[in-house]
Amino acid sequence: MTVRVQKEDFNVGDELSRLCRDRTDIGACVTFTGLVRNENANHTILDMTLEHYPGMTEAELERIEAEAATRWPLQASLIVHRVGKLLPGEQIVLVIAASLHRQAAFEAAQFMMDFLKSDAPLWKKETRADGETEWVSCRDSDAAAKSRWKSP
Amino acid sequence: MKETQQSALHLLYFAWVREKIGRAEETVVAPHSVATVADLIAWLKTRGPEYEAAFARADVIRTAIDHVHVKSDAEIGAAREVAFFPPVTGG
Amino acid sequence: MTVRVQKEDFNVGDELSRLCRDRTDIGACVTFTGLVRNENANHTILDMTLEHYPGMTEAELERIEAEAATRWPLQASLIVHRVGKLLPGEQIVLVIAASLHRQAAFEAAQFMMDFLKSDAPLWKKETRADGETEWVSCRDSDAAAKSRWKSP
Amino acid sequence: MKETQQSALHLLYFAWVREKIGRAEETVVAPHSVATVADLIAWLKTRGPEYEAAFARADVIRTAIDHVHVKSDAEIGAAREVAFFPPVTGG
């Protein structure tokens, strides 16, 4: 049960080893990594800057992780989100969920990502190939993704 | 608008709300008549065209009181910090 | 698009880097790792031996991976399954799915695991704490997990 | 049971099917009357108590012809390799 907001890159293998390696009580471990693509909504992206709300972002991520742990029996979990300027190909976010069985691990990881996308105070501003900078619009599909998780 | 106690409020702005207002934070003393988030936004819009521009589409603005998401009818009460920002786009 | 059946352990971080690192066309990467637990159906497990059908196991994994690629736009995918004797805490299986968006990556990874569990010719025999060896029974929930993926 | 051409068939057994029969593989020449997987299982069961034990619950046995899963009514036809095994439990 850890959350981190950081400028530095993360290493998925290292984080996964730290959480799951040699543990004999974990049957299934799911990782989700989000990456900066060089294209968004038909625009070529040169870079992306992530802004956050220090204090609240961490609090929201902790709330989301804790909520996941009440819904699924999680042996371990992690949320890492980067902030600052990122280039295409760079890693943005990492979510890990470990449980006894695969269904719980998959669902918990998806739940954390869906809620992070809707609730964690983070904003993306992209620099396009024409030099324009633009705040990324939220996607309707993210609200829909969150709404499928009914209260338990 | 109900009467509430007048006290200093720390305001934070993020993303394009911050850019439109032209500052990231400020401390204000709102009039007694400001009880809810909606009241606070209405009052802020009287403070200048930059606030009017930032809150022009108040329905899309999200608000947090002391790090907790709230709706526009939430009471400001004894809040110390109120933040305004667009829908989030992380992940 | 790769499948491997091997005795050797794998490193999730290395595999993930090889597939996704510095690629600017991938937005979401999901990994699933299955581990040997020290307990199954209320028995303490000392070790587990994975038997497979050389040739057919690889063919089935390739078929499953190819089927996933017809259902979701996958930028990259991988299935690795270990065989031979494994101890509690050891890694058994790795599935990776990379796509533009998270929903596709999550679904493709789950799809590959559900079909692997139902169709790939692999069998587990466990050694229990009392010295008994027992072939693991298939779980009804695995058939149910597969059946939720209707034909496209 | 339809008449089919008689030819050598490579049989493979896995997991507890292998253990009950006591061997991992063998080559057999089935009689002309053996046309389908079900026919082949019925004929194998006549070959000794170890086969009877292995195929006692024929409904749980899975079959693959030349690396492809098939049902018990599948024709053996020109198959070169037929494998029998329990429900799979990998992953």
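Letters A, B, C and D mark the chains in the order given here, with residues in each chain numbered from 1 onward.
Keep in mind that, in the parts below, contacts are C-beta pairs under 8 Å (C-beta built on N, C-alpha and C of every residue); 3 or more make two chains touch, one makes a residue touch a chain.
Bear in mind the structure is a predicted one, so any value in this text is a computation, not a measurement.
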{"item": "Any chain in contact with subunit A as well as subunit B", "value": "none"}
{"item": "Mean-CA-position distance for subunit D and subunit B (Å)", "value": "74"}
{"item": "Inter-chain centre distance, subunit C versus subunit D - centres from mean C-alpha coordinates, in Å", "value": "27"}
{"item": "Distance from the mean Cα position of subunit C to that of subunit A, given in whole angstrom", "value": "23"}
{"item": "Computed distance of Cα centres, subunit D from subunit A, in Å", "value": "49"}
{"item": "Per-residue overlap in subunit A, given as positions that touch at least 2 other chains", "value": "34, 102, 113"}
{"item": "Contacts with 2+ other chains: residues of subunit D", "value": "91"}
{"item": "Each pair of chains that touches, named by its two labels", "value": "A-B, A-C, C-D"}
{"item": "Interfacial residue positions of subunit D with respect to subunit C in the complex", "value": "12, 14-16, 64, 67, 69, 83, 85-91"}
{"item": "Touching residues (chain side subunit C, partner subunit A) in the complex", "value": "11-14, 16-17, 20-39, 88-89, 100, 102-103, 105-106, 109-110, 113, 141, 145"}
{"item": "Subunit B-touching residues of subunit A, taken from the complex the two chains share", "value": "34, 50-53, 55-56, 59-60, 81, 92-93, 113, 116-125, 135-138, 142"}
